[in-house]
Amino acid sequence: MDAAGIAFQILQSVFVVLAAPALLGWVNQCRAWLQNRKGPGILRPYFLLWRLFHKEAVVAHNASALFRATPYVLFGCMWLAAGIVPVLATDLPFAFAADIIALVGIFALARVFISLAAMDIGTAFGGIGARREMLIGFLAEPAMLMTLFTAAFLSGSTALTTIVETLAHREFAIHPGLACAAVAFLMVLLAENARIPVDNPTTHLELTMIHEALILEYSARHLALVEWAAAIKLFAYMTIGIALFVPWGIAEGSDWLGLPLAVAAAAAKLALAGAGLAVLETVSAKFRVFRAPEFLSTAFLLAVLGMLVHFLTDV
Amino acid sequence: MEIVWVLGVPLLGSALLALLGHKRYAPEINIVFSLATLVAAALLVVRVIGSGPMTAFDEQFFVDPFNVFLVALTCLVGFTTAVFSRPYMRVEEEHGRVTAVRLRLYHGAYQLFMFTMLVTLLTNNLGILWVAMEGATLSTVLLVSLYRTPASIEAAWKYFILCGVGLAQALFGTILIYFAAEKVLGGGTVSLLWTQLYEVRHQLEPTVMSLAFVFLLVGYGTKVGLVPLHNWLPDAHAEGPTPISAVLSGLLLNVALYAVIRSKVLVDGALGTEFTGQLMMGFGLLTVVVAALFLSRQRDIKRLFGYSSIEHMGIITFAFGMGGKVAAYAGLLHMTVHSLTKSGIFFAVGHAVQKTGTQNMADIRGLIERNPTIGWGLALGSLAILGVPPFGVFTSEFMILTTAMHEHPWATPFLLFGLAVAFAAIFGKVQPMVFGQSNARRLPHQPALLPVFLHLLLVLMLGLYIPPYLDQWYRQAAALIG
Amino acid sequence: MTEQWVNLAATILLIIAFAMLSQRRVLSLVRLFAWQGLVLSVSTAMVAYSTGQSHLWISAALTLGLKVIVLPIVLHSLIVRLNVRWDVEPLINVPTTMLAGIGLVIFAFALATPISQLAGTVTRSTLGIALASVLLSFLMMIVRRKAVPQVIGFLAMENGLFFAATSATYGMPLVVELGIALDVLVGTFVFGIFFFHIRETFDSLDIRHMEKLKED
Amino acid sequence: MNLASFPSAEAAVGIGLAWLALGAFSLLESERARFVARGVFPLSALVSFALAALALRTLGDPADTLTLPLGLPDLPFHVRLDGLSAFFLCLLGVCSFGITLYASDYFRSESVQKLRLLSLQYHWFLASMTFVLLADDAYMFMVAWEAMALSSYFLVVTEHRQGTIRRAAFIYLLIAHIGALSILLCFGVLHEAGVEAYSFDALRQAQLTPFWASVAFLLALVGFGAKAGMMPLHVWLPDAHPAAPSPVSALMSGVMLKTAIYGLVRVVFDLIGSPMWQWGLLVAGMGATTALFGILYALQQNDLKRLLAYSSVENIGIILVGLGLAMIFFGSGHPEAGALGLIGAFYHCLNHGAYKSLLFLGAGTVLRSTGMRNLNEMGGLIHRMPQVAGYFLVGSLAISALPPLNGFVSEWLMLQTALQAGQLDNGVLRSLVPLLAAMLALAAALTARCFVKAFGIAFLGQPRGVVSEHAHGHGEEDASLFERLGMAWLAVWCLVLGVFPSTVVGLLNQVSLSVAGAGLPPSALEAGVLWLVPSTQARASYGPIVFLLVIAVVVLITYVTVRVCFHGRLRRAPPWDCGFPEQTARMQDSSEGFGQSIRVIFAPIFRIAQRVPNPEDAQPKFELRVEDKHWHGFYLPIARAVEYLSARIGKLQQGRISTYLLYSFVTLIALLVFVR
């Protein structure tokens, strides 16, 4: 761990946190375009956050400390997650603190906190939201883990940086195991980030919403942090996907010269992924809530299959 | 000399109590005589420990480690039962279940029973052994029907007929042994002396001896309570007075088994095969399994523990059947702890029944609330008899099971089944009696719980520590049998 | 010479055993029992005479006193006092019982033959008969449904055993014989007491009244 | 003090005796309940502390043995304190310290009579667990083992007036006893001959064919599995653990179950010596099923303590998966990976001890203070008892395997073990092992859901029911001082075990070395205190300290930034009602509701009796009963078969004397025929 490494680490973390809302904006913009709307612009999320931070927070009478602490915890978790996923470079000293398993753990921690916070007020919707969120979570989490395991088996390591390095140096070949895993990962990504077809990020219809039900009681700065964390989460997921399945172009080591190229590559890949997400969301319709487990168990199955296929083909 | 005391005291007591048994102080006399017998037995034990096996009266009586420990056990349980019976029978008298005249019979026969059992244990003559065993039946049969209820008369009748017929078979077996011995030792008394027979056991005719063993096993086995010869046992235990149930279970069965084992040693010598062992293992396993299955159907508390005795006799028979030093040691130990525990349980049961006025287990509830000592006695006693450590029953079951696993693994599933079913059956019935809402009442006489806890304490001790002299006894006896 | 007489006695014993098995009347049973005792006593005396075993004389006298005189009288008076003279229907009909009895005799003979070869006594061939009469008495106890015949069966079984002892071994040692006799005597008295108790409690000596203690 | 000559075995035995003495002492004290609660229990806590310290100190030392002047004639009680015992003793000491402190407050309002007995049984329970862990011969082990079952049985049946509790206790003791018999037979297989040969040293020497070794293993698995709560032998656990007073539930779940794990490890790795991978597969498979079923059932529970008990079943499953993985790897010749699995299993034992005790204690205070154990009556307790809520939250997060708390570490270690599957040569194994990892992950995610339910419904939201007037609390609503101390101790352990895993793993590595003769590769141990590394840092590492620091710093920065750059204004208002103003507390999601989706997805494994009211019902009432299928599918058929058999056998004894004579006659004839 050297100074350059730490500098890189901090740089990347800050970059991710700052860039995350832009990605969200980009996805929304793409979606608007696809739906023949004008779209609010990429920077809209920043504006929203800014406005929320300025508002006066309104909290229910019986909210406990947990309720108020959760947005910060959430934000911290996501920041950490963003800090350990190799986006720009693979030499990240913090990455040793958390491998893929810990990464899944971080997401789980965030999920548990937001679910608890949702139940804190004691309204009917909070409870429903928490229960649905945990329903998604209990299947998405292992599916995610299995996806990552396929990569881990491939590279013989669970450290993301090592995985990425190994995969980036690999000859390009269609890897059936990895392909399964990629599909599974995509499904998990959709579910975990409250995207269509599992959830609709723009709805407030009580019977179908998940994410929005969870955060119904939040306002102002709390809401801002939660939303920002959600944006980072989406960003992190996308970068994980990129790192696992299309790792090429990332800067290895603390390579300052490679940095601009890495930034460019990352931006391009993210833009593409965001657009893809928008397309996906446009062409598909939302499932009913109780179909979500089927969707996710398919993901889980695919991930496990991917792992098994890996063992059958890569002896 | 001590033998005279051991045998004379109860005989004298019997005669005296036959005259004075109805008096107010008869229970105390009973206790005194039992205590005196115990003291005499203790002296005998000291003597045997000091100078080894001995014979007396022209070899008619014989003391070795095997029977002396049973004598000590018999006298001890006889004494504690006498202590227990004092308040118990007083309460029965006050409830009008027995009259003073019958108490005379009770006390006289009690001492007579002790006498016959001690004769059975101490005699060297297989013929006398048979006579004394029959005497033990005769002296207890009228005790079983002491209450003169239809059920008790039926039980006593069955006891009498079944054991009588059984013992007739044993007599035929004894005749056959005599027949075989006659050719080796010549006729006369000498041919029935166990010590003499033991010396020449290898020369005895195998065909006759194996036939003899069948008759003896069926005969004495009836008294032991081996399935399917056991049918008298639960009835007699349930319908007689509780002190009698205690001595039947605790002592009589042991003594009958003692007779079987004495014969087994001779027959083994003659045959030189594992025939007797296999027979006993088979009977033992059958007994354990069937008794366990019977256990789960019981409603009467004393019947329940009667069946439990059958089950334990099965275990002991199996142990002796396996043979070998460890198994025989375990069998002897099991005899000891079973008779201590089971008689202790019957004491507790006796008080519980008096307190609640019923033997039906469904009507006995929550002893621990109103009568903590009885409740704890019953609970701990049942756990002990079920082979839960640290009580001594576990010690012997430990040795028996591990030896069985090592030498006869095929038998262990049966044992396991028997023990598990017995546990479920007994504890499932005892627990609601001990715990829960109470329905017991107060009694005019303080229960004598000292015997219960004395027995449990002894059994607990045997589970954790076997004193060296006792160990020596067991070892010598096991060497003799195994 | 003695051997033939003893064999004759044995045969009579076997016939008596069969007769008891088939006899329906209680008093006749008691009479048969007395006859059985007499034959036993006579055969014991013959053995005693031929072998010179002095204690067998005592045995013979004991048998005569106890089993020919005392027990039949006691039984007779009990029957009279309890007024249970009526006929006894066995549980299984007589022909079946007889067939089973014949089977038992064959079995007993088969069992006893190898042992008889070993015996050095003049009476050895009777061991099979002794065993057969023991088993026949056993069978009789099984098929009787009244208390008194059952007890007579029990006593007859004792007789069979006694005969086995004499025939196979020239009798057990005297001490043992005395002890056995004492037991039989006391046993009979106890039975007597029981008859009264049963009668008092159940108004009958039918042992079918005593089938209450069972698993249900 | 000279390390080598320190009589550690003597000291450990002394600690066991001290507990026995404390128990006996409280029986003597018949007057002042307060004295027992305030005097005996804190003393006992000190004893626990001493035990923990002693065990920790001797963890790496060579085995210390001792022979006691008790036991069978040729087999005096052998005592041995080696790495494995020391580790589990440490677990016992650590957990019981907190629990006993807690108990001294929890029990103090009991009547003297009850408290005396409770204290006796409680301390004898502790002592018997100590002796189980110290025993070095089959006999002492069995005695201590059953004494443990017995003392805990009496503790369970404390509230004996309730029929359900009596039934629970009975089934508990029955299964414990059958399990003990199975263990006994396992020793029977292992021992050679003679009484002397029951010492563990002799059992180690036994030369067994693979068949008999497998028999021994299976018997041990059944025996210890029954105690640990392995499916399908777990049925007693969810009934018995909640029935006991809460500190006892904590001890049983937190510590007693681990003695079964100890036993299994002792027999498989130490006495039998060389595990076969097939056994490992069986154990891991049973473990994975147990874990999954356990947590799925836990999710369906409404009784908080019952939920915790089912969760214990799940955790035992996870530990078994770890053990199974270890056996697979040891059995196929990869001791380093095997050691990792073993360490993971041990770590999970420790973790479960800490957080499950904590959770039971939290549930205990709720029960004591409000009289409630049904989740559907609770709600909003965080306002009434913030302290308990805080501790319960720590426990919930820890058990949900969330970083940076301890549950995550062991989960991580086991997943890392599963990831070593690539080393295996056997193709089937190689694809099965990752499946185990998948099951583990699924179980962990379900646990999170389960504890969100437990914590959320109990502590958050609004009160659902009326607080019982008869709650046997003593005035204080929240946890009292000693209760707090006890819970704080355990909570601190949850954190410490989570944050300093490499130190713990270093210690556990010594345990693994002592019991299985293999440890982690040196590269794993050189990584330093910051990093937890299973083999090399390039392969995998986890740095909870960094992790925690980063999150803390980020949260702090965010908080400060938000406050400095913007403002901290806050307004309290009624919750948003979505335009429907008549919301009541009953409209909150219920416990059943939270389990609903799981119930639907996994419907086949539950036995569900549900009554949904008609629209026309005047008094609509929703009823739902979810039962364990094992009871109906496994135990009842056995019970019925036994009943049927015994009914058949019962016909033998139909009261007629002629028949009895016939039996005797037939027996005689049959034997005579047989002899000929």
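Order of writing sets the chain letters: A, B, C and D. Residues in each chain are counted from 1.
The rule is short, and it goes like this: a residue touches a chain if its C-beta (ideal position, glycine included) is under 8 Å from a C-beta of that chain, and two chains touch if they have at least 3 such contacts.
Given the structure is predicted, the values throughout are model-derived calculations rather than measurements.
Considering every other chain in turn, none proves to be in contact with both chain A and chain D.
In terms of Cα centroid distance from the overall Cα mean, chain D ranks first. Farthest chain from chain B (centres taken as the mean of C-alpha atoms): A. Work out the mean CA point of chain C and of chain D, and you get 69 Å between them.
Chain B and chain D have CA centres that are 43 Å apart.
The geometric centre of chain A is 77 Å away from that of chain B, both derived from CA atoms. A straight line joining the Cα centres of chain B and chain C is 30 Å long. In chain B, 157-158, 161, 165, 211, 234, 294, 297 are the positions where the chain touches two or more neighbouring chains simultaneously. The residues of chain D that reach two or more other chains are 650, 652-653, 657, 661, 672, listed in rising order. Along chain A, no residue makes contact with two or more other chains. Looking at which chains touch one another, you get A-D, B-C, B-D, C-D. On chain B, the positions that touch chain C within their shared complex are 125, 127-128, 130-131, 134-135, 138, 141-142, 145, 148-151, 153-158, 160-161, 164-165, 168, 171-172, 174-176, 178-179, 182-183, 187-189, 191-192, 205, 207-208, 211, 234-235, 238-239, 294, 297. Per the touch definition, chain C reaches chain B in the complex via residues 111, 114-115, 118-120, 131, 134, 138, 141, 147, 150, 154, 157-158, 161, 164-165, 168-170, 172-173, 175-176, 179-180, 182-183, 186-187, 190-191, 193-194, 197-198, 201-202, 207, 209-213, 215.
Chain B meets chain D in the complex at residues 157-158, 161-162, 165-166, 169, 210-211, 214-215, 217-218, 222, 228-229, 231-232, 234, 279, 290, 293-294, 296-297, 326, 329, 366, 368, 383, 386-390, 394-395, 398-399, 401-406, 409, 412, 416, 419-421, 423-424, 427-428, 431-432, 435-437, 463-466, 468, 471, 475. Interface residues of chain A, counted against chain D in their complex, comprise 53-54, 56-62, 64, 66, 72-73, 75-77, 79-80, 83, 94, 96-99, 101-102, 104-106, 108-109, 111-112, 115-116, 119-128, 130-132, 134-135, 137-142, 145-146, 149, 152-153, 156-159, 162, 206, 216-217, 221, 225, 290, 293, 300, 303-304, 307-308, 311-312, 315. Of all the residues in chain D, the ones that touch chain B in their complex are 69-73, 138-139, 142-143, 145-147, 149-150, 157, 160-161, 163, 166, 169-170, 173-174, 177-178, 181-182, 184-185, 187-189, 191-195, 198, 642-643, 645-647, 649-650, 652-653, 657, 660-661, 663-664, 667-668, 671-672, 674-675.
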